[in-house]
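Here chain A shows up in two complexes: once beside chain B, once beside chain C.
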Partner chain A sequence: MSQQIWGNPQRWDAAEWQSEATWADRFMYIDPYFWSYFGVALALATSIIGASWGIFVTGVSLLGSTVKAPRIRSKNLISVIFCEAVAIYGVIMAIIMIGKIGPIEDIPTEQNGINVCYTYALYCGYSLFWTGVSVGLSNLICGIAVGVTGSGCAISDAQTPETFVKILVVEIFGSALGLFGVIVGIIQCSGATFPKVCPSA
Partner chain B sequence: MDLCVFGVDDGYAEAIIRGLRASFLTEAQYQQMKNCASIPELKSFLEETDYQNCLQADNPQIPTSILRQRLKKKLADEFEYIEAQSTGILTKYLFHLRCRFMIDNVVNMIEGLKNKIDIEILLSNIDPLGWFPEIKNIKVLEGDDYSSLYRDVLIDTPIGVYFMKFLEESIENLHENRTLNDIQNLFREMKPEYIRTSLKKMWLEDFYSFCESELMPTSQEALLELLKFEADFKTVQVIYNSIGNRDLNTAAKIITTRKQLCPTIGNLYPDCEKVYLQAMTLDALREAVKGCDNYRDLLKDAPDPLKREEFNVQTKTLDDIMYDDECRRYALSFDGQGSYGVFYAYLKLKEQEIRNIIWLAEMISRKLAKNHPGWKKIIIPFSHLGK
Partner chain C sequence: MSDPIPPPDSAYFFGYIGVASAVVFANLGSSYGATKSGVGICSMGVLKPDLIMKSVIPVVMAGILGIYGMIVGVILQGKVANCSSAQQGYAYLSAGLCCGLSSLAAGLSIGIVGDAGVRANAQQDRIFVGMILILIFAEALALYGLIVSLILSQT
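Take a look at the complex of A and B:
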C-alpha cells in the first residue's frame, strides 16, 4: 500500500487503498481539520443550547410572577444574566479554538516527514475536538441548572422577598460549573496550534 | 427531568399563582378586620387589600350576600385568566377543578326550581366559578317532569356524566316493580344534600383517576396525597353525620347510605372499609381510623355526634378540626415547584379566605361582643407555617 497518504490528492482513488484499508485505517485518516472544526462547533452550539434552555425556563417564571408582583422584575434579571454568561463562555472558547487552526504551508515530500507532520496535525485535531466536548457538555448542564434554579428564585421571590439572596447563592455555585469547563478547556487546547511549517523528524 | 421541561407549557400559569399567593390576607390584617366596628369600615379596609377593584361600585352598607358574590367573582375572574393562559393538560385539569362548583350550582338551581323560586334570582346567585354556558337551559318543564330534566338537559352539561351515574345508581336501589311515578317521586323527594354528596364523591373519584393517568410524577406526588386526604375527610364526615341521624333508623339503611356516599379512594379505603361501615358510635369510628396518618389525633377532640343537641357556638365541630388540617396541608403544597398541586391548593385556600371574610362580616353586622367565642372560629391560611 502506498505510504504517501496525507497531502497526496490521489490517495482516495488508489485501488489498493480501497481494497486493503481496515476500519482502523479509515478512522485514523479522518482529516484532523474535520476534528478541529467539529470541536469548535460543539463548544459553541451545546453551550448555547444550555444557555437558551436556562433562559426560557427562567424567563417564563419571571414573566408570570411579575404579573402580580412587579417589584421582582429588575432583581431577577440577574438569573438571565448568569445563563447568558454560559453562552459567552462557549463563544470565548470557540474564538480561542479557531485561532489555533490554520493551514500547513509546507508539507515535506519524503514519507517519514509526512508521518511526523500528520501525527502532529492529528494531535491538534483531537485536542480541539475533545476540548469542544468538555466545554460544550459542561456548559449545557450548567445552563440548565442555572435556569431551573433561576425560575425557582423568581417564583419564591414573588412569594417571600427574603428568599431571593439565599437562592442567588445556589445559582452562583451553579454557574461556577461552566467556569470549570472553560478552565479545563483552555488548558486542554493550549498546546494545540496547527503548525505553519511541519516540524522536522 | 420534570423540572427542566415544566416551564415550557405550564411555567407561566404556575408563576402567576405564586404571585397571587402573596395576595392572601395575613394574620395582622385579620386582626384589623376584627376591630372594624361596622360594615362600611370593613369594606374600606378590604379596598386597601388585593380586593380593591371588585368592591368599588357598591354602596358602603353592602349586604353580606352581595359581598360574597363580589369576592367570588374576583376569584372566578382570576381563575379564568389562569385557565386562559394555560395549554394542553393544564387546561383540562383546571376545567376539571371547576366541575365541583358546577355541581353545586346545578343542585342549587334544581332545589330552587323545586321550591318555585324565580329563575332570575337563581341565576344571579350561582357561584361564578362554576359557570358554564348551558346553565341557562335548566328549567322545569310542564308537569314537574324531573326525570326528563335529568335526561335531556343535564346530559349536555359538562357534569352530565356524574348525573347519569347517579341516576343509574339510585334507580337500581329501588325494588323491582318500579313505575315511572316511583322515579318521579324519588327525584322529587331526594334530599339535596344527598345528591350533592353523591355527585361530589363521583367527581372526586373521576378527578383522582384523571390525575393518576395524565399528570407528571411531580404533580402526582403532591396531588394524590391531597385528594386522598379529601376523600378520607368526606368518608369520616359521612360516617360522623350518619351516627345518630334520625332519618336513618335501620342498620341496613345506614350501611347502604354510607356505602353510597363514601368515596372509594383514599387511605381508609379499602383497608378500614368493613370497620367503618359498621361504626355506630364515635369511639367505633376512632377505632376504625386509628391506623391511618394523624386521623386519630384529629378525631380525639371531636365532639360526640350523639349529643348533637348540646353543640353551641363554642364547640369545635368535626368540620372545624378537619378544615384546619386541610388548610395546613394545602399551605404545605405551595412549597414544591413544578407541580399542579398549587392550583388546587390556591383555589381551596382562597375559598377558605372568602369564608373567613364573610363570617367576620356577619359577626360585625350582628355587633357581637369581642369576647364572643365566634370570633375565634376563622381558620387563617398559611398561619400554620409560622409566618
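Take a look at the complex of A and C:
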C-alpha cells in the first residue's frame, strides 16, 4: 500500500498526471530516498576525488624533487597523509548519513496523515542531499588545497630544509577546510533521521 | 500482509544505472592508471631496461581497480533483480556511483603518480619505496569506495 500512495497521494493515474500535475508537483514527488542516497554518493565520491587530486599533485612534485634530494622522501609523505585524511572525512560522513536512512514502517491512510508523513520524509531527504553537497565540495576543495601546498612544500624542502615546518603550518590550515565541512555536515544532518513511524498531524 | 507490492519500475532503472556506473567508471580509472604509468615505463625502459619489471607495480595496482568495479557490479546486479522497493533501487544506484567514482579518482591518481614515480625511480633508486607508499595511499581511496558500496548494497 505504501508504495502506491507514496509520491502519489491524490492517486492520480497516468492520464491525470499528464493533465493535472504541474512542474512543482513533479519535483515534489521525486522520492525523498533518491535525494538522501544521492547525497551519500555525492559526499563520498567528491571527497575521494578531492583526496586523489591532492595525492597526485603532491606525489608528482615529491617524486621529482626526491631525485636530487633523497632525504626529503619520508618527511614529505605527511602531505600525502593529509590528503588521505580528506578521503576518510568523506567515508565518515557517508556512514553517518547512511545511518539516518531507514524504511518507514507505518504510513497512515488518511490524506492529511500521508501529507504530513511525506513532508517530513522530504525534509530528511533534502537535508541529506545538501549535506552531501556541502561535505563533498568542501572536501574536494580541501584536497586540492592540501595537494598544491604539499607540492610546494616538497619542492622548497628539497632546496632549503628550514622551510618544511613553516609550510606544514599552511597545510594544516588548508586541512581545516575539510574539517569545517564535516562539522557543518554533521550539524546539518542531525535532525534528518527518517522516521520509523510517521508523526501525527 | 497479503501480497507484497512490487516496486515501481523506476527502482530497476536506477538500480541498473548503479551497476553500469560501478563497472564503467572503475574501468575508466583502471585504464587511465595503466596507460599513464605504462607510457612512463616505456619511456624509462629505453635507458634502464632492468627496472622495467619492478616498475610494473603501478599498472598492477591500477588493474585491481577494475576488479573492484566488477565485484560491486556483480553483487549489485544480483540484488537489483530481486529489488523489493524503490528505496533499495536508489540505494543500489548510490552504491554503484560510490564504487565507480572512487575507483575513477584512484585510477587518475595511480596513473599520474605511477608515471612520475617510475621515471624518477630510474634516476634515483631510493625513490622506489616512496613511490610504493604513495601508490598504496592512492589505492586505499578505491578501497574506501568499495567498503561504502558494500555497506549500501546491504539495504
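Everything that follows uses one rule, which is that the second predicted complex is superposed on the first by the 188 of 201 C-alpha atoms of A that agree within 3 Å, B and C clash if a C-alpha of one lies under 4 Å from a C-alpha of the other, contacts with A are read in each partner's own complex, and residues count from 1 in each chain.
By our rule, contacts are C-beta pairs under 8 Å (C-beta built on N, C-alpha and C of every residue); 3 or more make two chains touch, one makes a residue touch a chain.
Values in this document were obtained by computation on a predicted structure and should not be read as measured data.
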Chain B versus chain C as contact partner of A:I144, first or second or both or neither: first
Partner chain in contact with A:I48 - chain B first, chain C second, else both or neither: second
Comparison of chain B and chain C by chain A residues contacted: C
Touched partner set for A:V60, first chain B, second chain C, both or neither: both
Partner chain in contact with A:I155 - chain B first, chain C second, else both or neither: first
Doubly contacted chain A residues - partners chain C and chain B: 53, 56, 60, 62-64, 66-68
Complex contact set, residues of chain B against chain A: 3-4, 7-8, 11-16, 18-23, 334, 337, 387
Touching residues (chain side chain C, partner chain A) in the complex: 5-8, 14, 85-87, 90-91, 93-94, 97-98, 101-102, 104-106, 108-109, 112-113, 116-117, 120, 123-124, 126-127, 129-131, 133-134, 137-138, 140-141, 144-145, 147-148, 151-152, 155
For the chain A and chain C complex, residues of the former touching the latter: 1-4, 6, 31, 33-34, 36-38, 40-41, 44-45, 48-49, 51-53, 55-56, 59-60, 62-64, 66-68, 70, 73-74, 77, 80-81, 83-84, 87-88, 90-91, 94-95, 98, 101, 103
Contacting residues of chain A [partner chain B, same complex]: 53, 56-58, 60-69, 144, 148, 151-152, 154-156, 158-160
